[in-house]
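Handing you a structure now.
Naming follows writing order (A, B, C and D), and every chain is counted from residue 1.
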Amino acid sequence: MTPDLAVDVGTVRLKNPVLTASGTFGYGLEFLPFLKLSELGGIVTKGLSPKPRRGNPPQRIVETPAGMLNAIGLQNVGVDAFLSEKLPALREHDTAVVANVFGETEAEYVEVCEKLDGAPGLAAIELNVSCPNTEAGGMIFGNDPAALARVTRACRRAARMPLWVKLSPNVTDIREVARAAEAEGADALSLVNTFVGMSVDVLKARPVLANVSGGLSGPAIRPLAVWMTWQVRRAVQVPIIGMGGIMTARDAMEFILAGATAVQVGTANFVAPRAAVDVAEGLAAWLTLHGIGSIRELTGTLR
Amino acid sequence: MTPDLAVDVGTVRLKNPVLTASGTFGYGLEFLPFLKLSELGGIVTKGLSPKPRRGNPPQRIVETPAGMLNAIGLQNVGVDAFLSEKLPALREHDTAVVANVFGETEAEYVEVCEKLDGAPGLAAIELNVSCPNTEAGGMIFGNDPAALARVTRACRRAARMPLWVKLSPNVTDIREVARAAEAEGADALSLVNTFVGMSVDVLKARPVLANVSGGLSGPAIRPLAVWMTWQVRRAVQVPIIGMGGIMTARDAMEFILAGATAVQVGTANFVAPRAAVDVAEGLAAWLTLHGIGSIRELTGTLR
Amino acid sequence: MVQDFATPVLRNVDLGRGNWLLEFPAEGVAAAMRPAQFFMIGVPGSDVLLRRPFSVCGLPGTFADRPDGAVQILYRVYGRGTALLASLRAGATVQVLGPLGRGFTPPSRPDARIVLVAGGIGSAPFPAFLAELERSGRRATMIYGARTAGDLPLLDWFRERCDGVSVTTDDGTLGARGVVTDPLAEMLQDADGGRVHVYACGPSPMLAAVAKATLAKGVACDLSLEAPMACGFGVCLGCVVPTRREGGAIAYERVCVEGPVMRAERLAW
Amino acid sequence: MVQDFATPVLRNVDLGRGNWLLEFPAEGVAAAMRPAQFFMIGVPGSDVLLRRPFSVCGLPGTFADRPDGAVQILYRVYGRGTALLASLRAGATVQVLGPLGRGFTPPSRPDARIVLVAGGIGSAPFPAFLAELERSGRRATMIYGARTAGDLPLLDWFRERCDGVSVTTDDGTLGARGVVTDPLAEMLQDADGGRVHVYACGPSPMLAAVAKATLAKGVACDLSLEAPMACGFGVCLGCVVPTRREGGAIAYERVCVEGPVMRAERLAW
């Protein structure tokens, strides 16, 4: 008996619970030398903005203990090029395509959501709310429950298709922002985005990254992300997509047991291009080994 | 010329900027087989409470990528035994002794501070405010600027000796709590305490730690701690004692350049009992190599 | 006293089924070390941050023909840290802290009947202990259990040196099908309880069962305990076990300092 | 095409002063690989998370007597990742992704005068390139600079294969005291600019100076660039350099995909 890996993130059925995380998988097509996209539950695109963005000046990345900092600055082709160039090619592949969306104002979020809504071959929209709101003094949308509620509400109105909200972990109590997003109609919550950090070039007495700070990802943050998953699980009803430092199926199991319906693999894609497929296959092997029929029997079973 | 490592944390002069972090150095005496306490700028004791505490049931610790989670539960001998048994022995050693203090209520903090205030051989009191306030529904003192202000004010009244406040990093904006502590008379700010995390035993579908969550320390958190040091540096005037994942002199330099007057070495003491001395010696070697007369010339010089 | 030293791996022998014997020079500390004391061992530059605790298995003289000043640990691949150890070849460097903790002490009664109870890799501290007993002309009986026949490292070595080794396996592939407390119960039945001294090492459930069996008969019993450890020298408070204080109050004591060897009656399991 | 494979280290040769030559089998990819293309190389189980980029230095046939299907990288110990590489012995396993990026292409003009400019370890991609040129009967001149005499790995090898190697060192311990752009400027002065084709690899400030010198003379110049990389295959957007678009707008292009070899005039330094 082949184990049943399918999961339902709200109305979005995934053939397995493993997606690739935004910003770590390009637009998906770059991975064709290494894997079939159909081996994945889904892919999440690089964050899309109304217009193409060139991103931050280099140095943009630096390795840290069991992790990395990035300050890519959301370089992307823009929503129009995504719809005209990338999505048609992705449609050829049997996987769920999720568009990650960001803006510097509420209006920008809405603009991108409206353009994406209902696009053939798109399974869901994921809002990246870890962006500074340029209209509100640069405050991060996702770090304030009220601001998060407003942008979620606006996007909910703009898009009828499944809407996932991706939470920032840089908050005192992630349950507050989770509840705010749920109350405004998010169909699922993705967590977590990167933690703000900084690395210093001690020889030059300068920040390593041109942007000074960057987002920490990778195994280093896994214990923090698992804890937030477990906290949010008990605070909301909507499905959770867990992520943060998943390198192996065992790591993914931590999130699934803690309450994540699906997971995303991010930094691991850089370390090993087949990492996400290996995680999915590892979950299948785990089910077989333990004689469990469906991964859904495990979701949230942590005691 | 031997380089000058001395620093002043407010009125507290340290012979070098390296202290050992609370909870990672016992009461200091356990390290005598490995080092002379006089080789250290100072030591910070395990957190002291009004009465001895037996702490949490095991399993209390677990390794995570480039870090560890701990849920010791603040097991300690109590302030009275510290004053009668530990401090007299520590007094024999030429190093700054800092007493780390915690309570479950404001009154407990005050009680411990009053007992410690002016104790001969004690250089400063450090408030650990990462504790749940049992009178306020378990909310963490240090995660709320108003609660932090109240407990700082009360301890400031209770103790005339130097008062350091050790900040929790589990907040949306650490500058807010930093300013609150400064406004209420903290002489210095120590940052950061551990990040809340969790590890799952996937075979048993149980949290690894009996306490479910624990505090993440070690190299994994260094980029986050350096960023917070840099942020707080520009928000307050009082000296900063930086920590989080310092394993080497190079790591310490990140904090010093970002604005820390002194640093604390924590988890590294477990990995190598002489780690803190090695950091201090490494800083001396660094100054010599670069022909810098005093470490104070480097503090906060990050551009 | 306790030292922190870098030392080369002399040999790392695969004993099969995930059991390994690692040998390294430890001149400075070997002479002062007691059986069931332990080392914290780390591999610099690896992705394993904390050192891992391992009982000393062989001290100078324990195993014939081994170089002077070298010691051995017997270990089983369990997780990341032990898998890393198993990947080391001769010449690799390990960072070693030790000797740590309180080891076994031979019974003070000269006529004591010594019974060693080992569960799987829990046999690790017994070679050095047997060698020490032998030197003072004492003998021991052994009960050695495991899940299956392959999980009994050094069995032949023990058979040569003990007054009989009772083997038990969960699956009956060697010795009696069952657990170590079966032969132990038999032994204790006939024996003069006051003369018997049990030394046990193995997984915690086994130790708890051994403790129960010996306490019921008033038999002296020393357990070598396991616990996850961060420091190994008493400062992290991570390795505690619940113990009973006089008056019955529960305390948490450190396996790395107050143990790893503790008297069965002290534990509040 | 690009493959991700685990492979044993065949040799790891210490060339002195922190320069090393690492050899490993790469049967599946060596044939398709171009000089100045690169590998991402990692060491599983180490505390270095991300792989590090290294140009292919030797392809089959580059170095005499090396086994068929083996390739070499020439590297300098710089930080944690390269120190880790240097600690590997023959038999250790490395994880290799490649071939990656766009390599050198010989000049299309058959009468082109080829000038290689290398700064220190930046000489790494030139052996394979020289071997390829040799096979089509072409020769090259080399300018090879470094801080000091010891930092010129494979200098003798280059001397045997080039029409002259001009050496410069910052401290004058070998060749002319100065930097590579000194002899380059001289060469370009007399030369027919349209015939010269410069290939340069080295630290970014050197590449910028070479770009400036060649652009001023209208000389064709290909630079093999460096940048910190996380993925090496175009998805992290971490390795970008500023380039000039038609119309003058600045864009950020990926060194790992659009490079590492880029035409000097494209860069907006």
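The working rule: a contact is a pair of C-beta atoms (placed from the backbone, for glycine too) under 8 Å apart; a residue touches a chain by one contact, two chains touch by 3 or more.
Values in this document were obtained by computation on a predicted structure and should not be read as measured data.
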Exercise for review: Find out how few touching-chain steps suffice to connect chain A with chain C.
Suggested key: 2
Point to revise | Lowest number of touching-chain links that must be crossed from chain B to chain D | key: 2
Point to revise | Averaged-CA centre spacing for the pair chain D and chain A, given as whole angstrom | key: 36
Exercise for review: Please report how many Å separate the Cα centroid of chain C from that of chain D, as a whole number.
Suggested key: 54
Exercise for review: Could you list the positions in chain C whose residues touch two or more of the other chains?
Suggested key: 47
Check your understanding: Residues of chain B that touch two or more other chains: which are they?
Key -> 65-67, 218-219
Review point. Mapping chain-to-chain touches, which pattern fits: line, ring, star, complete or other?
Key: ring
Point to revise | Contact pairs between chains, per stated definition | key: A-B, A-D, B-C, C-D
Point to revise | Parts of chain B lying in touch with chain A, wherever the complex brings them together | key: 64-67, 69, 143-144, 170-173, 195-200, 202, 205-207, 212-214, 216, 218-224, 226-227, 230, 245, 250, 253-254, 257-258, 298, 301-303
Review point. What does chain D use to touch chain C in their complex?
Key: 45-47, 84, 87
Review point. In their complex, what parts of chain B are in touch with chain C?
Key: 23-26, 30-31, 33-34, 46, 54-55, 57-63, 65-68, 70, 72, 75, 218-219, 267, 269-274
Exercise for review: Flag every residue of chain C that touches chain B in the complex, lowest number first.
Suggested key: 1-2, 4, 42, 47-51, 95, 97, 227-231, 233-242, 250-252
